[in-house]
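First chain written, first letter: the chains are A, B and C, and each begins at residue 1.
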Amino acid sequence: MGTRLGDLVERFGGHLTGDPDIEVTGIAPLQDAGASQISFLSNSKLRALAAQSNAAALILSPLDDPTVAATYAGARIVTSNPYAYFARAAQYFVALDAVVPEPGVHPSAVVARGAQVDPSAHIGPHATVEEGAVIKAGAVIDAGCYIGREAEIGEGTHLFANVTFHSRCIIGKRGVIQSGAVIGADGFGFANEKGVYIKIPQTGRVVIGDDVEIGANTSVDRGALADTVIEEGVKLDNQIQIGHNCHIGAHTAMAGCVGVAGSARIGKHCTFGGAAMVLGHLEIADNVHISSGTMVSRSVLEAGQYTGFYPLAKNAEWEKSAAIVRNLASMREKIRTLEKTIKKLTEDK
Amino acid sequence: MGTRLGDLVERFGGHLTGDPDIEVTGIAPLQDAGASQISFLSNSKLRALAAQSNAAALILSPLDDPTVAATYAGARIVTSNPYAYFARAAQYFVALDAVVPEPGVHPSAVVARGAQVDPSAHIGPHATVEEGAVIKAGAVIDAGCYIGREAEIGEGTHLFANVTFHSRCIIGKRGVIQSGAVIGADGFGFANEKGVYIKIPQTGRVVIGDDVEIGANTSVDRGALADTVIEEGVKLDNQIQIGHNCHIGAHTAMAGCVGVAGSARIGKHCTFGGAAMVLGHLEIADNVHISSGTMVSRSVLEAGQYTGFYPLAKNAEWEKSAAIVRNLASMREKIRTLEKTIKKLTEDK
Amino acid sequence: MGTRLGDLVERFGGHLTGDPDIEVTGIAPLQDAGASQISFLSNSKLRALAAQSNAAALILSPLDDPTVAATYAGARIVTSNPYAYFARAAQYFVALDAVVPEPGVHPSAVVARGAQVDPSAHIGPHATVEEGAVIKAGAVIDAGCYIGREAEIGEGTHLFANVTFHSRCIIGKRGVIQSGAVIGADGFGFANEKGVYIKIPQTGRVVIGDDVEIGANTSVDRGALADTVIEEGVKLDNQIQIGHNCHIGAHTAMAGCVGVAGSARIGKHCTFGGAAMVLGHLEIADNVHISSGTMVSRSVLEAGQYTGFYPLAKNAEWEKSAAIVRNLASMREKIRTLEKTIKKLTEDK
């Protein structure tokens, strides 16, 4: 199945130069796209590649258009954000071919009598939906998922196979939860009495807004007394740990292996590189960008980019540097002694 | 449902000042607690907040009691460890309202004929219990769990949905395993022959003591020949990796994202901050505390707090410092040259 | 069940000194092995222990043989790589006792009509196999596994309980995937438009070669447009994250908690220590060895060992050193000032 360029532009905007009746069937990278595909140029460094593309049409910015147009003979869709346009168009093409899950409950699924499953929702094989849970219109619960008591899955939200979504937790509309993710496990809360830990019941929920994506094997713990909150538009990659009572602001994105300890409060539009870590009870302002592998050990109240990882080196060089790092205080002492001696020398003159 | 203050004190101890017939229904933080709830003061810095609380009663220490009592009109339960008292009382209140899983095997579960399931245990939907496994009294095996051959789940232990517990592994009494955890997967053992890895069968078990909690999506590998051992009272948070043949001493706690490589031997009453890592075959003494984000690259034989992570900085400053860290050896060389020159200068005088 | 030493040598090679009719039933460490077991010496430092072993026979190298033979009275199998020999022999003994999964589909499994399951394959309880999937001869799909549409599981490959293997992904022969692993979840790809993320469909596959092992709770994402590729013989431990479009060369091994960001291209025969991290789009040559806890923030084009983690210290010492690390630029400035002053002093003389 394909679509006319004219229909694409009608749907997603942009200015088309070329024949609106050209039929395209999908999207491909600049160098791979064939005569029935479109491609996109989101990085001006690739202008030369774009100019030689065999694609039927190119999505590109007003800035790149004149240069590319000089040699590229195909159709062009000019738009201010070609990468976002590509994302939307790709979603459209994928939906044309996608296998749509059938509405209804698979006979092997176990759905409690008091659960409310919208007739347009899909419940896959071996899924379990507990008493009082609510599965809204168009939601897709794939095989092996577990939905706890009184949990709520919003309209059009998709839980891939083997997701665990615990009691009373909520996710909004158009969400995506990848396989193996666990939402609403108990937070890590214990009182220590003479060296022995006593469990503090975790009675809060996880409350997730609209348009949130949560990656494979990621864990988001329920709150202790209050809730853990993930605001709308947040994107969490795989293997992430979000502790109890965290609050993650809207449209913040975290790459794989990030860990956020309990009660951290993170702003909106932040980004966290892979394996960045945030200690508990810290506050992070809006628009803060934390580099990969960085331990955030204090609150960050000012927007900007922050970093802190040990630089990579050949092992032999690392051994030398690391030995010195361990003794930096003595190096500073030597410098102080030198300064004093020199001060004395110059005064003596 | 609620309980009388008098009954609470009879059950959990502490000295009550106030009317024992006051009925309370739950626990809430100092600022949120209403007239039918109790609250607790575990941090003296919050005395002012406590004094203004609307709670029906406060749990507090002998140290804080006089100050709070001066202005707070409600009942007071004085105890040496208010936080532990809170934990126990909260467990009690939660149990009053909790939905108790019904004893018995869900019709959709697959339980092998030779498995022994105590009649008081609960086996949820789509669970699998293999031949020779033993599920003891009061154990709760939630939906989608897998219990391997001859594995043993102790009295009152609770496996949340989608836990995998492999063959011959054992967990003791009153344990908790959160969703997505994998106990007893093969350890990572290979012999290298001319660049190709040959798998070493992993035939040990995971042996877990009483009162252990294991977090969501955490993995504990079975031993290669001998067993991996987790002693009683250990608490592991989410996303943790415990390699084969590790031994973790009683009442040690690890926060999220910690990794422990194979054959590490860790003492009792240790704590590990989030994302701390321990290399293989190391020994760590009792009462060692490792900070978050710290790589333990040598044995730690003396109790105390140990740390090692790169300090966070604005990205521009990190770039400068990291460049210097890479060249610390040359900086040390410059200092040595300076020292020699000055020695010569002072001797020349 | 046991086997004759003569049969063992016929099967796995090596030179036997001793009675070929001795019957052995298994393998044990040097100090534990009894009179019906064999043991192995792979580390010359343990020669003394070997010489005193009660094992019926020892596997050892030509180098160690003369010393051990002087005092050890049992049979000896001399081979160039005793550890690899041990691995193969251990596999053999384990197979003698192993419970072989019965061929066929468990009645509780849900297998789509258009899926092709070889009659010799095993599909366990509560497994789901979607339309068009291909399960080849001798493959073992344990309880609760999910196999997506048109996915392909190679001959003799074993998926342990609760593995998720998504649509169109492929794994070759003799592979092993441990419980909780997720293969083929969506990669983390979004276009940002005015602060809001728009999902980029992830339409590539994960293509895995022969003899690959993937650990518990590890995630390997599908590619965005092209595929994520794991070549033959790769071994991934637990809790690992492999981003979309990564390419991992043959016989590379990664220890637990490693993270590899998208589009990284890693060579053959590399090793990664636990919790090592690789940023996206980097290239790593063949035979590169990355130490545990190291952030690979630039391409590594030359074979060798590379390291970069902050050295562990007592907390008080770390606090001093870390404070200096943050101010290394000012320390360098002081040294420059000292150098100038001294230059002036010496010129003045």
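Everything that follows uses one rule, which is that a contact is a pair of C-beta atoms (placed from the backbone, for glycine too) under 8 Å apart; a residue touches a chain by one contact, two chains touch by 3 or more.
Source: prediction; values computed, not measured.
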Interface residue identity across copies chain A, chain C - same or different by half: different
Relative orientation of copies chain A and chain B, as a Cα rotation angle in degrees, nearest 5: 120
Chain A-chain C separation of Cα centroids, rounded to whole Å: 26
Within chain A, the set of residues that touch 2 or more other chains is 108, 126, 144, 162, 180, 217, 239, 257, 275, 309-311, 313, 325, 331, 335, 338, 342, 345
Within their complex, chain A touches chain C through residues 27-29, 32, 81, 83-84, 86-88, 90-91, 93-94, 99, 106, 108, 124-126, 142-144, 160-162, 176, 178-180, 213, 215-217, 233, 235, 237-239, 251, 253, 255-257, 269, 273-275, 292-293, 309-315, 318-319, 322-323, 325-329, 331-332, 335, 338-339, 342, 345-346, 349
If you look only at chain B, which of its residues touch chain C in the complex? 108, 110, 126, 128, 131, 144, 146, 148-149, 162, 164, 166, 180, 182, 185-186, 188, 190-193, 195-201, 203, 217-219, 221, 225-226, 239-241, 243, 257, 259, 261, 275, 277, 279, 291, 294-298, 300, 304-311, 313, 317, 320-321, 324-325, 331, 334-335, 338, 341-342, 345, 348
